[in-house]
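You will see two complexes here that share subunit A, one where it goes with subunit B and one where it goes with subunit C.
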Partner chain A sequence: MTHAVPGRPRLGAVARKIGGHLGRGLAMIWVVATISFVIIREIPGDPVLGQYESLIQKGMSPEQAERATAVLYGFLPTGNLWQQYVGYMGSLLHLDLGRSLSTPGVEVTTLIGHAARWTVLPVLAGTLLSFLLGVTMGVYAAIKRSGKLGDVLALSGSLLHGVPVYVIGLLLTAIFATLWPIMPSGGPVDVEFVPGFNAGYIGSLVHHAVLPVVTYTLASYGGWILAMKSNVVAVLGDDFILAAELRGLRRGFVFRYLARNAILPLFTILALSIGMLFGGSIFIEEIFNYPGLGLLLVNSISSRDYALMGGTFLVITVGIVVANIAADLLYTAIDPRVRSGGAA
Partner chain B sequence: MKRLAAIMAVASIVTVTACGTTGTTDTAQRGGGVYTTIDGSKQINASAPINPFNPVGSVFSGYNGMALAWPKNDPTDPNQFYPAIARSWSISPDRSEVVIRLQPNARWSDGVPVTSEDVRVSIGLAYTQGGTAYALDPKAAGAAADIQVVDPKTIRVTQGANRSSTFLANLLSTVVVPAHVFGKLLPANFWQTLKVAQHGQGAAAEKAKSQITGLAENVIAFDPGHDVSAGPFVLERVNPGAALLTRNPYFYARQNIVPDKVKLLNYTGNEQIWNYLIAGRLDNAPFTSVPTAVLDRIRDAKGSEVIKGYSPVAVSLAFNQSHKPYDNVHVRRAIAYLIDRAQVTKIASPEGGTPAVTTSGIHAKAARAWLGDAFDSLNQYRVSPAKADAELKAAGMTKRGGHWTLPDGSPWKVRIHVPASFSDWVAAAKSITSQLGDHGIDASVVTAADYTLYLGELADGKYDLGFWLIGLGPSPYNIFQRLYGQANGWQMFGGRLRHVAPGTEGNWMGGPEKADAGAAGTVDPGELTSKLNFASHDEQQRIVGVLAKVANEQLPVVQLWDYVNTQFVNTSRYTAFPPDDDESLRLSSGVWMQLGMIKKAEKGQA
Partner chain C sequence: MTAHTAARHTAAPGVRIRDLTVVYKTPAGELPAVRGVDLALAPGTITGVVGESGSGKSTLALSLLNAVQPPGRIAAGSVEIDGLGDVLTLRGEDLRRTRGRQVGYVFQAAQNSLNPLKTIGKQLLDLGRSHDVEDLRGLVRDAKDLLARMGMDGARVLDSYQHELSGGMRQRVGIMLALVLNAKVVVLDEPTTALDMITQATILRIIREVHEERALTTLVITHDVGAVAEVADSLAVMYGGRVVEHGPVTEVLGSARHPYTQGLIRAIPRLSGDLSLARALPGRPPTLGTLPTQGCVFRERCERRMEVCETDEPMSVTQDGRTVACHAADRHLTLVKRKEEFV
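Take a look at the complex of A and B:
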């Protein structure tokens, strides 16, 4: 007779759990892909006419605009909605997202791949930075909640939480890219540097990422600090903290007990935020001309690029579904109460 | 902690390195500097191929993209061009034949000479894309019929039976690509297939046509991998933020080119261009809509100057005449009498527009050139509430409780539609509704989420009134196409003109097929417009006179303002930009350089 060690599930159970998650995830992806397929094709507007008139608007002659857009009709989906759907799903099974209309002839997967790398860097950095900063300051804000430091930290969180991200972005651009132009106002890297592992190129990458990352960090920081402060205050009243203090444990140990227990709910949000990063940050990318997935999605919608819209929605969906699964598994791993199915 | 400090130190050094200089590049410079600008015709797309047939390809007109010639900004003659790959050209009096002679010293950036074969291949590739001179339909106006290589530097192109007055212009606008790079996209039997498509009959001709148009997607998607340019610059690299081009040592007029490099910055909206200009980063920016407050800040930047010139575009408030009460000309005239165009322009486009003198369908500068004194005899629709009242009464409307009502007594609600992203149009629409409101007309602005949606709903006939670009010169055919073309029911089908019913096939303007043209009698405006394509200059002048009069009296639109090409330059680093009203003003800085403009600024200048 064997006993399962409490809190350490067997391999089979883990596999079953992961399998269940994957099955539900795939079903969710199929549902979202189907819904987005239908919605995308119901969006009104003729993409070719739109491009033609946009070129006219930019000063191109009608003949030039016609030359530039006539061929685009060949990139529009043909057949009835059902036929298009069957074709779309068939292609999807082969990981073929089709060819773009707004960047004619280029594979959607290529466009998404190019955009993803510019999204992951600033949004991931911004998410992690704001998380670390917000969580640390949140603990201090809770511990020092009766003092001035606690007030200042809580106020900073409330203020930044209430300011829309585009206001922060525009403000930083106005200050650091226009009034005192020490930062670039657009683009991900200076084109004059040869791409590669060299100081100039990497420095330029960092330089261009500073404002987007700082914007993202400031915009997200408020939420983390407020959530962490609230969690810590709740944990501070728990018996085990009182017991630790009565046992005379050093302040550092008590701090660790506090942080580890208070941070648990935030891990789920962090995992979901990382999943959401595949949606990019539309405002930040727009303001800083940072060519990530958010900007790609906006541009695909305005140009009615059906294949690109579908592909971008799909990537965002997959990102969120995977993050959900990861969060669930991570939570199981880090919180024994979840593993044992009840209170520890 | 020490590790963290070390990481921070390295990051700081790297950042400072990047901030401190842009000179750590891979190529030596000879002192011409880097010319920084914007490509106004498209946004940079680093994923797109280096291919001019791709609408977003990394080929930039005038820099690494070359046409046979560059169009001059002439108000009436679309056939005025500056030489480019074509050094000179001639057209036979009956427009049946054009002979083009190429630059004797033109070479591609890999050293290969530019020859007539390059032009021939470029024309062949243009056929796969369709449109204007390269239509496969032999009945299409202005379609090329035959292309002959006379010698390595001379090519002859003949026009089909329906000879268009803009054939030369369309031919000279042909983008030239290297045959040794792009030639493989045309199958060996291409020219034979083209002959069958153009001159064959029945199924064989249809099959040939589909074979040629079937090549389109491959042509548009082709990526040569690296740039081979006959222009003054070659694409060195492109990223989503900018494109970098370096001098082409083989360019035929390399002595005219001063900058070592050109950097084209990308943008996601006008705000970014404004920021670049305020920070003094751009040597030139093409026409950008700018509010007065921003313009003042741009002017404050060291070396900043504004150049203004003619832009053959006007903006109008268009009526859907299949919707009541806009089918009644008196209602349209009443609205025209109530709109203070000077006020609208001042609010919407103070720097980028001049109030329309009247509604003629043509930009005022071109209208004066076409119509002479007759332009002044058109009804100017100066603001006149009294005349507006008279027109509304003539339309059977009545004013009750200070508000105008429809003839059946129901309330009259004017809804003006504009795309939300066009701030100048939104401001103009708000100004108009305010002015109409002051006169007892219940008017409001409705915005569409984006331009594509706006155009789609406009074409579907969902709007009563909307904003519409008109006067797209210099070709008079293009000018009046905007009023009496597809949007108003006239379509070319199998080489024949037909008029479709309002509300169908994109006919959203819904105007009548015939119109009273005073002394000229009853005319078919669409038919007259179509004739502009083939007519002699004198005949064009007569037709333009009739159509301007019809537009002025029937008012399918109310012309609001004529655009002004407002460009920004910064003379801190470069000088010798084209002067105001120069014929090259609508062309890119790359073309200005080709023409011998753009010189390095002396130290301390500006």
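Take a look at the complex of A and C:
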């Protein structure tokens, strides 16, 4: 490019933009970490101090109890709030989220890492599958909106959108695991296979993932198809689509103009829901007995495992913050109007 | 490229619209937006079509590309273009190839006629590929030439997105896209609406120049009588879906015969002279639902209304190259015609 087009950003501007996003993201994570520290510290009954005192009651010396508690939570149970806060932040910087109470001795990061695998697989697959399916069907529903096919598609969207995910999950389990048992009723994988890259293990993995993935897909498909349909209908009414037809553009081109413009707003939602997946899907994990992040969070709450709770919250936060940044950058990449920083 | 240059020197085609009727589906049944329109565009001329909102002028323009949008439907008539035949019988791929390649269309609100997510250059290439242009470099060169003719930096414009261009620039891009494939018939639907006066004048000058240079047959739709006076050779006045008067632009504007045309001209404010001399036409233009089904469509607002206007629809009468559909304007002729019918 030999000439500078006004409003087109240069490399420096892009770097500045990314830097700004990262800075804001870090600030947000810091705020959430602080809030989660304050909550755990100030929750009625003070679990940290309680832990410390119960250890003393068990016969530990105060020094031992203090050290044991510090290992659990990442900061000293005694001292003033400020000192504790500095200690907590310090261990956070070392990615030390403390140790779990309910699974004694295991680091929170290890537990979260294990659980994340079982969440990312089915929820990510379900999100992407429902997105592709919903968007494709949404386009058809919009184009055929005055016909039978359009009505049926739109109705399927509204219906599935209205049914809660646990109803879908329970129905599928009842049908495919009980009435007609072709699918495993729960668990992430059969125990007889050796974990690793072998056909038996992966086959079992996929087999177990089918029902959760299908459940998740059906549950979120409705939202996608309805959103895509209304976007396509809106873009169809835009002048440039008719203009493209009047210029004799091939159907393929017109369709691409239509689809790209209609799908644009959905990318933000997609990026955000991928961020949300670190929260897991509590109902699906519960129904299919998937040891994912959602289940981990629920269990940490019911067993008052505060360190684990705080760690899980933090991971969810980071996931959402990163997804937000990704959504913004993605938008910048695909929408030239955002890229140059000004709407027409 | 040679094909392009050769095409530039072929004669302009004539366009004949015959008995065109376009109906729109409404809860009250199918109502005509354009009814029984006969209009011939002489080869190599610019024909202006003026009328108020809802007079059917945009529908008429879309009919030239057989592109009336649902719930509208072309119910009768033909649009014959030299070398193409009746456009209204074209379907599918034949119709698509005609659009853009043979008949260029500059969209009403051309400011919004571009895909916001693609640069103008990429959209130009899409257009070229859609019409099997083999020499895409030549196409880009032609586009740059056209843009330069219209006073723009072609390379810069092709590298821009729609939102980086002003309204006047987008309009010119719309005109470029309609001309770049060397269409010989060009339809401009409200090409200067929503533009400021200076840009308007520039666009009109460009239309005139390119029209002459490329030997086109051009149809300009507008509600701006002043704009049409500047560019058009002949002028058709539409009211209630009918062409009520048609003739050379100087004659129609200089000595209007139809009371509606006269009213329109009286309503134009003059730059010099008293503003109060401009008088608005009394009443409102009819909508699809309020169009009278018999008699003259204009009689409600007409100061020369007669008894016959209530019952008989005035026929189009052509005399000395001018066509008028009015009982009052050509009472004598009509009477003679009616007497003949009774014999």
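Descriptive notes on the structure:
Everything below uses one rule, namely that the second predicted complex is superposed on the first by the 287 of 344 C-alpha atoms of A that agree within 3 Å, B and C clash if a C-alpha of one lies under 4 Å from a C-alpha of the other, contacts with A are read in each partner's own complex, and residues count from 1 in each chain.
FYI, a residue touches a chain if its C-beta (ideal position, glycine included) is under 8 Å from a C-beta of that chain, and two chains touch if they have at least 3 such contacts.
Bear in mind that the values here come from a model prediction, so they are computed numbers and not experimental data.
With both structures placed on the common chain, the touch criterion links A:Trp118 to subunit B but leaves subunit C unconnected. In the superposition on chain A, A:Asn324 makes contact with neither subunit B nor subunit C.
Contacts of A:Asp239 after superposition on the shared chain: subunit C is touched, whereas subunit B is not.
In the superposition on chain A, A:Arg247 contacts subunit C only, with no contact to subunit B. Of the two partner chains placed around the shared chain by superposition, neither subunit B nor subunit C is touched by A:Ser281.
More residues of subunit A are touched by B (comparison of subunit B with subunit C). Of the two partner chains placed around the shared chain by superposition, subunit B is the only one that A:His207 touches, whereas subunit C remains out of contact. Contacts of A:Arg260 after superposition on the shared chain: subunit C is touched, whereas subunit B is not. Touch criterion met: A:Asp335 reaches subunit C, while subunit B stays clear of it. By the document's definition of touching, neither partner reaches A:Ser130: not subunit B, not subunit C. Shared interface residues of subunit A (contacting subunit B in one complex, subunit C in the other): none.
Chain contact summary for the complex, subunit B toward subunit A: residues 11, 13-19, 22, 24-26, 34, 40-42, 45-49, 53-56, 71, 126, 128-132, 166, 169-170, 173, 213, 216-217, 219-222, 237-244, 261, 263, 265-269, 272, 275-276, 278-279, 281, 286-287, 311, 313, 450-453, 455-457, 459-460, 469, 472, 475, 478, 481, 565, 586.
Within the complex formed with subunit C, the subunit A residues making contact are 1, 3, 5-7, 238-240, 242-251, 253, 257, 260-261, 264, 334-337, 340, 342-344. Contact residues on subunit A toward subunit B in their complex (touch as defined above): 43-47, 49-51, 53-64, 66-72, 74-75, 99, 102-106, 110-111, 114, 118, 173, 177-178, 181-182, 185-195, 199-200, 202-208, 210, 285-286, 289, 291, 295, 301-304. On the side of subunit C, the complex with subunit A involves touching residues 65, 67, 69, 96-101, 105, 107-110, 112-119, 126-127, 129-131, 155-156, 159-164, 174, 177-178.
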